[in-house]
């Protein structure tokens, strides 16, 4: 840790801080410059947190040398983590496409959509039963009935399935029906929920918050791993910027950056990341090209009847076309599309 | 609602949409322009949600005419709402200062801080028992023990108190100890929690999320009111922007804007809004000057010992000085500082 | 144009505005709703600008139906524009890679780099002679001497070249040496410079400003076309967001969006768009995959000696490796890499 | 300067860098940690720029200890700079209000507006002759004729005046007519223009760019001072964020922050900073309360006839009302409103 003192700091202040650093078992360093005094602390700087040096009135700034996370770090765990989602490997060589409706609306809707995406090559089914909606007057999902229908559709199509958990109280029931639990963007810093997901034995798909830096996302993942669940899959889904032509700004820079910083797999959600169905196919290909491990795509058997997010949903025919376009790009990057895995339950 | 069709839309499409609008009891309007056909729907456009017109492949854009909220709207409720927090009126003429430590750390710390802020003119005590922290390795608060100490300190200082609720499961216990429940920025779109707070009879302080537009904040408040709790106090606490010299960008524009759109009171939190204690006093005065109903300020008896957010905490002496500077500005705006209210429990 | 009146607007106000719309030759429309009166104007709404309806105290909002640009619009000009840069076609089927040093520093540096990028398959040489730098104490480029060296290097490598114009006064001299003139991100709304570039007969590469929406970029291009120069190539180079792990946030959503809105070619600059050399290759492939017409990449014969932007520059070996990785991705998208064009001057 | 090496850096790399630091006359420091090696350089780190250490492949990050600016720094020049604009002191105790139309449109319009703002207490007249407009089809100002009318109006009202310079080529003519030259937000990083303004003997009002960090603004000011003109007045005018309810997000945090970092005066432009006339008065008071030295406000004798920015312009009556509200707030902060200064030319 590097500590820069204010110009008005006295030698006594420097001495006091150096002693506190030494008392914690780190090696203190004194670097008196011409305009500022700089102090250093060599060793595991995480123990320095308890000194609250940022709060010291004579400290101008503090720079950490080490990342604030440990378990998610690629430095500690250099090899890619592969997460098994109901028999489908996420994070290995095959490129995994997860597809399905934004919300489960009816048995026919979800079964029909599930079969359609399976036949086009999707490896996992997605669908929301509990829906976080900006307005209290919007459709909030079918709840537990939605979970049952999702499971039924997944089984009918021979796919594993993932769905979102909105609250600590839902983890148990969602765990019963789904093969992976999704933590949505609005909950990325719902730390109580992250801890609960850390207690689950199911894989967790953790979506980046709309205003989360990559480092915030990694710290959120650290919450889950710190509770004992290392089966975490990250997901870039767009951040909020000044651009209004798209619903969000899909930050694909985050993909290669995350791959360098962590061993966890990283997906991309171009449906939420753009909000416009006509951009989903090109951004899916871009995601594959920059190193993502897979996609999360909204497909509805009839997008104009979708009760949520229809503007960004693909029809089954559009999804089939996307898969045909995607395959050669993924292959060119050494990532064959994941084969459909017939699930036996 | 105004619906702009794509250039390639046919007269049949226009006809079909007009019929669907009419079938819902709204008056449809046809406006064929030279380059685009525009459709309108007169009446309560909220019923049009079920048509999902944004999803229609021949629809270019949809513009709502009315705000998506109702209960929080000043149009429906022109007079300012005044919320009683343990005997202190928030939203009336007096300007209310809520102060206290970021986190409750010990009996001595919170009691001493509570007495200090009370003697300088704070009207309500704040303090966190459950702390949302970016890193799983940071201090997470004292939990229920923290609630007890906060209550004890509030009583000792003769002030009502507010504290944050992190999860649905905590609402009941927090309700027992605090005079108002705070919903933090990271939970502004935790809709399950908002609904639970809507069931409470205690006032709710709802903080704006880091990436929430003013409209999102109003919709979040609508969730609480829609459940029957109309005692909501909003709070601007800074948004996330590209500026890195401050922890957040305090968006004071939001204050007069919110006052025009809703009847609910609005506070400002300059501690989180700036992240730097040297900016807290000037931004407190600015908040009073632009029409805020009060402030939320972090004060610690010894900021450099604070276990969280010490960099933005004021010492009791700095807080006393702020209150002296604030008083003439608030008075110049016709807002006398709220007198201390001795609470009897 | 759709005009929503404030709730307090009287029938007289509506009447007055309708008459002003009619007087301009547009067809006025009256849509009295239950909570708001909405007015419409059918016809070329651009003539309505002179009414300044946004400024009217009784007008709540105004929505344009048509895009504010004309010449750059794909609606007016459905086929892709192909721009010839010194014999290299930009915007046709071949994918064009423009590469070279951030700044021209010496004859050896630019000639050596030019030969290296040409031998790896770059089609056009880039290099800065006039450098916009955040600090007045940073290297500001070699000026006219830099232009001469760039031309010499381009000729030696058999490539056309592009370089940035910083000011109206430089257009003439840069025009003399370069095959295309680049307008940098900081100058995207330097309208005087845009007009001057519109007078040039050389192609213009117009980079998106750091805080420019896609619509702002298209309006900036409209300035150039409106002066008579239709040889404009757009370039996405990253926008400024809250993310600090990368220098900018490369907004690849903009690529397919721009392709839908305009007929002009669109390049991507992953060097500035990420600021980190290790992200340049993956984001180059992503750019090709989402439909860009080419790339702008910084290459320096010895990045650690670069006098500017070395952190994002590739070495010749890294660039050669990028080109090998890029080729199959571009091909999979039906975009072969542009062959080197031997330029005779 | 603090240099953190990558984990894979060898002792030889550290040694090589330490020698290069020493060769430049700085004192090198070696801090071998358990997970990273950190190097330091004590002395004037500005000479280290030439080492381009950020570009070094074995360097993970570089932290500067000193600010990159010198002349604008309060450390070098602790006392507030007071800039004389045609007899009006900006930056001293009096609070200075600059008001006038967005654009000069006609003799009557500017003379009438000038007299109105003078009689309400404005100290300086503003008005645009050269207008930067997002669309090439929008009104671009009256040019030199506009300058003449502005001067005439200023003289008639007995006020000094300021106007915007768009291009290097305009500096001379604007200098002839105006008492201060304004550099607009879009030109804040037009470094050629900044240098030209540095050659002028007139005061410069430098507006913060829409995506400029406070540090970027200070570096832009440094460009002007480095050329010899120390009469620079800064101006916060709103930054671009995700919030769309206001035209920009007025960043008042910047005011006290800038006052701590530099000795230059700082104004606030609530007209552009909000884009909504109903927010101008509250944000003017907020600006005074947080320590601004004055305001820049758009006033038009008839806002609904304004040819640009009418939505944010005040009528003379609204301006008079604002001045009445502002006076007690400014006084409460120890800043009396600047008296009108009769200018003799």
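Residue numbering begins at 1 within each chain, and the chains themselves are lettered A, B, C and D in the order written.
Here is the rule we go by: contacts are C-beta pairs under 8 Å (C-beta built on N, C-alpha and C of every residue); 3 or more make two chains touch, one makes a residue touch a chain.
Quick caveat: nothing in here was measured; it's all calculated off a predicted structure.
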Listed by label, which chains are in contact with chain A and with chain D?
B, C
Which chain has its C-alpha centroid farthest away from the centroid of chain D?
A
How many angstrom lie between the centres of chain B and chain D, each centre taken as the mean Cα position?
31
Between chain B and chain C, what is the separation of their C-alpha centroids in Å?
39
Distance between the CA centroids of chain A and chain B (whole Å) is 27
Chain B: which residues touch two or more other chains?
211, 239-242, 244
Mind pulling up the chain B residues that touch chain D in the complex?
211, 213-215, 239, 241-246, 249-257, 260, 273-274, 276, 278-279, 282-283, 285-291, 328-329, 331-333
Help me check something: in the complex, which residues belonging to chain D touch chain C?
46, 49, 52, 54-57, 68-69, 132-138, 140, 166-169, 186-187, 189-193, 209-211, 216, 219, 222-223, 226, 239-240, 303-307, 310-311, 313
Can you list the residues on chain A that touch chain D in the complex?
2, 4, 7, 29, 31-36, 38, 40, 42-44, 63, 65-66, 75, 240-242, 244
